[in-house]
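Each of the two complexes below includes subunit A, the first together with subunit B, the second together with subunit C.
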Partner chain A sequence: MSTTTARTRPARWGTAARHTLLIAGSATVIVPFVWMFLTSVKKRSEVFTRLWPSEWHWENYVHAWQAAPFERYYLNSIVMTVGIVVGHLVLDSLAAYAFARLRFPAKNPIFLLLLATMMVPQFVTIIPAFSLVVQLHWTDTYWALIVPRLADVFGIVLLRQYFSTIPKEIEEAARLDGCGRLRTFVQVVVPLSSASLATLAIFAMLFAWNDFLWPLLVTNGDEMRTIQIGLAAFQGRYATSWNYLMAGTLTSAIPTIVMFLIFQRALIRGVAGTGVKG
Partner chain B sequence: MVSTTAPTVGRSVQEPVRRSVRDRYSRREVLTAVGFLIPALVILGTFVIYPIASGGFLSLTSWNGFGTAQKFVGLANYTRMFADHEFWNSLLVTAVYALGVSVLSVASGLVIALLLDAPLRGLSIYRGIYFLPVVTSSVAAAIVWRYMLDPSGVVNRLLTGVGLPTVDWLNQRWTALAALTLLTVWKNLGFNAILYLTALQALPVSLTEAAQLDGASLWQRTRWMTIPLLRPMTFFVVVQALITAFQSFDLVYVLTGGGPTGGTEVLGMLMYRYAFKLGEFGYGAAIAFATLALMLGVTLVQWKATGSGESDLA
Partner chain C sequence: MLRKTALASSIAVGMLTLAACAPGSTGSSAATTSAAAAAAKPVTVTVWHYWDGANADTFQAMADQYSKAHPGVTVKAVNIPSSDLITKIQTSAKTDTLPSMAIMDLVSVPQVAQTGKLVDLKPLVDPATMSDIYPALLDFGKDGDKQYAVPVSTNNLGYMYNKDLYKQAGLNPDQPPKTWEELQSQAQQIKDKTGKPGVELYTQAGDSGEGLTWNFQVSLWQAGGEFLNADNTKAAFNTAAGKKALQFWVDLLNKGLAPRTQWGAFEKGTAGGAQEGSWMVGIWASDPPFDFGTATVPYPSDGKPATNMGGERAVVFTSDQATQKASADFLTWFLAPEQVTSWSEKTGMLPVRKAVGDSDAYKQWVSSTQPRLQPYVDQLATAKSRPNTPLYPQVSLAFAKQIEKALAGQVSVDDALKAAETDVNAALSAAK
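Then we have the complex of A and B:
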């Protein structure tokens, strides 16, 4: 992350001791994942009896995906995730720009109100939000999965902070050339903010893909279940088929792990950024 | 909702000092701002801000979630809550869980960050590994832990391997809560380590170097300089841990379902059971508001206790 500052720092611990401790810590983190993979290719009779599978049963993955409509769960999760990520990028950045750059009445009170909602646990909003969605006849639709989460305060705060650091002169040059606010925003501000937008996108993606309680409430049938809800239901039905369950679990986790590996820098920068305020 | 309420009367020459709303804001700019804000504010207003107000009202009714009959019952849901042994059980479970998660999050995050804070081969690999559980869904993480904690699972096999008796982790009250606590800490370890690492790298090197020249040992420097300097971040990590514990649902739902016999029924699970399993929306909303009040209260106490999050030495 910051190799330049790290290079000047003296080592606190002996290198060998640090590696030993870090490897021990890493083991507790990574062993469950290795265990999940090994179990997913075992015969059922070896699930609890062998550490290493005697034969590799890759077809477990096919069986797991046939035992429940995992393709459908996957598709639903992809649609929901794309919707939420795009929503956050567009709605959050527009609002953030207004808070960072434009002058309008009651700007600070509105911003503080939004900030205050960040302290409120989702349990407080979820009952009324759920009955609202029921009244709109949105249960078991993509509307219910996406629309209520199209914008979020975290993204607005994150982007507002970044937009404020862009020198005003850059925008003024564009405005003198006759660009309207929206065009200035799209053609000047957005390209300058790609790193912050990437951070927001990866956070939104992780949130959407892993979200549980809201999709659990607003979906009833297999048709509209997301991967997390489908997986939890699968666990209820096939509680003892640990090899299939592990195969399903691993495939559910792959998208976030891949996205993490690609966007690692953006994500870690974002996490580090949340702490700076604290 | 944001548009100006500028008086339609023209500017009066007699009062040049009191400037009207119309003077201070350009009409064009305000309209642009409204356009930029409307999409996000409509969504947040409808699905976050209105529900907070509506939930507050709901907690004063005995609504079952169906029909329009929201019978106003005053504070009956709250008085019922204080007499409900299930609520007190849930409060105790949440308190023990929150305490455990806070203490262990600070300890584990700090140790890993101290180990990572200096040049080291493979640093980014370690960082990536510790972050793996953070990006994994709670459902997936809890399923794997259930598998490992099964009576004939790998944890018990390790125990019998060293001659210890096996434990039915998830079917006993306190071991189930301990498992849930450890799972939560395990899942957020990478997050807390990165937070501490960021804070560590922002500390001035000169201070600890001076102490080192004065003969302070590594332990003395860490204990009496680094840790006190990290106090604002510790406050932040503890608040994050408290929020995690008070908001916990997914991990509990999959790992134990709140059992055995309420042994891991945190406030979120209790709210879910009453509102969505038993259809008592009013009572569920009251539990949700009690959770909010507790969260704010504990954060405030913690804020006072750590001296507004200021560090001692800075």
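Then we have the complex of A and C:
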């Protein structure tokens, strides 16, 4: 705001410097995408030898799409991601609300225990989780893709942090007006927390959309596979088809990019909020 | 036990009939008879493999062809990305969810054998087929008298060079180097005339070390050295031959004849030549980044030709007898000369059987369709395999981590080999 009122020389230089910095910053983010796009329309022999393609091979996108049943993979990725995101929003927020507001026995020890599980590397839990899924006969089903990842500690911590910053008085006012616990939560707390819920939704979505190892372990065929497994096939044992890989990756990144554009303001507010107020 | 011997004898009888009609027959008819005997109950043979692109399509087509010709048997091919195939096998082994078979990189076989779930294929695969396979290919998966893995596809490292750069440098593009001395002088001429390094070496260990290690082993063997001792318990490369090989690499780098950059210069057209696998011929043939030629790997004039082999091995996991037998039958069919020929021609991989490698039909195909494969086919006889030990991944990384220091010019050749020897021996004794 000061820049618009004071049109002095130093201020203008300041604006110029700031913009240069911002443009440089944006460039580092955008250039990889430009490179991805240019690579995705090159023929194989030009991937490393030319920066600008000599001919534009749009058919790479068709080829990449047809290299595997990608429609099916796309559908599976969407079902899995929606399931995980909804699970995180509902279960994480309920748990977080309990930890932020309710009084129950051993609340703090339980919360500490939850926090402690964040220290356990994911790889340690993979084999036990996998053998559970096998015993439940869930391999090659959406159950296996979604249920074990329905809730996570990070989301609970994130939301609990945010819920405890909401003034108690607002909830107390609602309670006085005859609102029950659940209704207070749904109608008062949740609307007030949209920023942090959006943050959680984005994190959960990125995690689910990009997850590779778990879907690979619990699926044994094309019917239940997700996009990331399909993309991995372009990085073959003998050669990586960079042009097809980039075409496929760009196509598969569209949902995450769209989500990010829609939610970016909420995301920034949400992450900044947890950091400052923690 | 009793049931096992009964089965073994019935298989032996089956093998006799198989062997009886094997010569001259295509193999598919032989497999039909044995499959018909087992056709009582429908069997699904699930095969995990990491092939992609043309390899995956060819394998899928062959699996379909086999299923169609053998009622009661369905071969289901499942692609698993190569980076995680072993992880998935190891996880599945712990929960008894293994497939019937898997096809994997040869160096992974000892690791997978440690799961204890592999079936000895010696009594299950036709002995005439086994004895016709190039002997070095059978090293991996051999455990005493047992054979836990059989090769289904192979490849090796040759010398690939950029004909455009050769022409620019005033060199004859049809005369690639035959010896280390020629390699050095040609590289020097390329450097002098074009300013580009004449050759590329794999100089960085990276995450796995294997890129450097398996390329270097070629030079080591050519100089007369060995990588590990005969029973794979100790390093064997810290010798005069090892020093000679490493010195050759270091000299090329110090003179600027090879770049000290990350692997990929040759592919980008900025280095004269490099050791490249036979698979690159097929990948590049249709759309070459530049005019390229192939040759057998140059070796020292007082040394001997050698190269490193790669490729895939098939293993069968323990399950019910019918599935194990159906899996082995499929394998026998896949290794019949007709199938080996069509696999090799369609994928550009090299044949695993002498009967195919030496056949006029295959030679004809190479010279008319893919002449750049010829040097690789010639090398089948001198190709060596890496040590058959489950510790190989650790050994390979330990070796590369020390050798890359010499290649970067940080330590002397002698010191690097000594340090590598210590680390490799430590890696080999760590697991005991």
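Assume the second predicted complex is superposed on the first by the 218 of 278 C-alpha atoms of A that agree within 3 Å, B and C clash if a C-alpha of one lies under 4 Å from a C-alpha of the other, contacts with A are read in each partner's own complex, and residues count from 1 in each chain.
Methods note: a contact is a pair of C-beta atoms (placed from the backbone, for glycine too) under 8 Å apart; a residue touches a chain by one contact, two chains touch by 3 or more.
Everything quoted here is computed from the prediction, not taken from an experiment.
Peer 1: Please indicate which partner A:I127 is in contact with in the superposed arrangement: first for subunit B, second for subunit C, both, or neither.
Peer 2: both
Peer 1: Does subunit B (first) or subunit C (second) touch A:I254, or do both, or does neither?
Peer 2: Neither partner.
Peer 1: Looking at A:V90, would you say it contacts subunit B, subunit C, both, or neither? Reply first, second, both or neither.
Peer 2: The first partner, subunit B, only.
Peer 1: For A:L217, select first, second, both or neither according to whether it touches subunit B, subunit C, the two together, or no partner.
Peer 2: both
Peer 1: In the overlay, answer first, second, both or neither for which of subunit B and subunit C A:L112 touches.
Peer 2: neither
Peer 1: Of subunit B and subunit C, which one touches more residues of subunit A?
Peer 2: More residues of subunit A are touched by B.
Peer 1: In the overlay, answer first, second, both or neither for which of subunit B and subunit C A:W209 touches.
Peer 2: The answer is first: A:W209 touches subunit B but not subunit C.
Peer 1: Answer with first, second, both or neither: which of subunit B and subunit C does A:S241 touch in the superposed model?
Peer 2: After superposing on A, A:S241 lies in contact with subunit C but is clear of subunit B.
Peer 1: Taking the superposition on A as described, I'd like to know which of subunit B and subunit C A:F48 touches: first, second, both or neither.
Peer 2: A:F48 sits against subunit B and subunit C alike.
Peer 1: Of the two partner chains, subunit B (first) and subunit C (second), which one does A:A232 touch, if any: first, second, both, or neither?
Peer 2: Both partners, subunit B and subunit C.
Peer 1: If I apply the document's touch criterion, which positions on subunit A are contacted by subunit B in one structure and by subunit C in the other?
Peer 2: On subunit A, the overlap between the subunit B and subunit C contacts is residues 48, 126-127, 130-131, 212-213, 217, 232, 235.
Peer 1: Of all residues in subunit A, which touch subunit C in the complex?
Peer 2: 43-46, 48-49, 67, 126-127, 130-131, 134, 139, 212-213, 216-217, 220-221, 229, 232-239, 241
Peer 1: What does subunit B use to touch subunit A in their complex?
Peer 2: Against subunit A, the touching part of subunit B is residues 2, 4-5, 21, 24-26, 29-30, 32-37, 39-41, 43-44, 46-52, 54-55, 58, 65, 111-112, 114-120, 122-124, 126-133, 135-141, 143-148, 150, 152-154, 157, 186, 189-191, 194-195, 197-199, 201, 205, 208-209, 212, 218, 222, 232-233, 235-236, 239, 243, 246-247, 249-250, 253-254, 267-268, 271-272, 275-276, 281, 284-285, 287-289, 291-292, 295-296, 309.
Peer 1: Which residues, counting only subunit A, touch subunit B once they are in their complex?
Peer 2: 1-3, 5-13, 15, 18-19, 21-22, 25-26, 28-30, 32-33, 35-36, 39, 48, 87, 90-92, 94-95, 97-98, 102-107, 110, 113-114, 117, 119-132, 147-153, 156, 181-182, 185, 206, 209-210, 212-213, 217, 228, 231-232, 235, 242, 245-246, 249-250, 252-253, 256-257, 259-261, 264, 267-268, 271-272, 274-276, 278
Peer 1: Mind listing the subunit C positions that touch subunit A in their complex?
Peer 2: Residue positions touching the partner: 46, 50-53, 55-56, 76, 78-84, 87-88, 91, 94-97, 99, 105, 264, 267-269, 277, 279-280, 283-284, 287-290.
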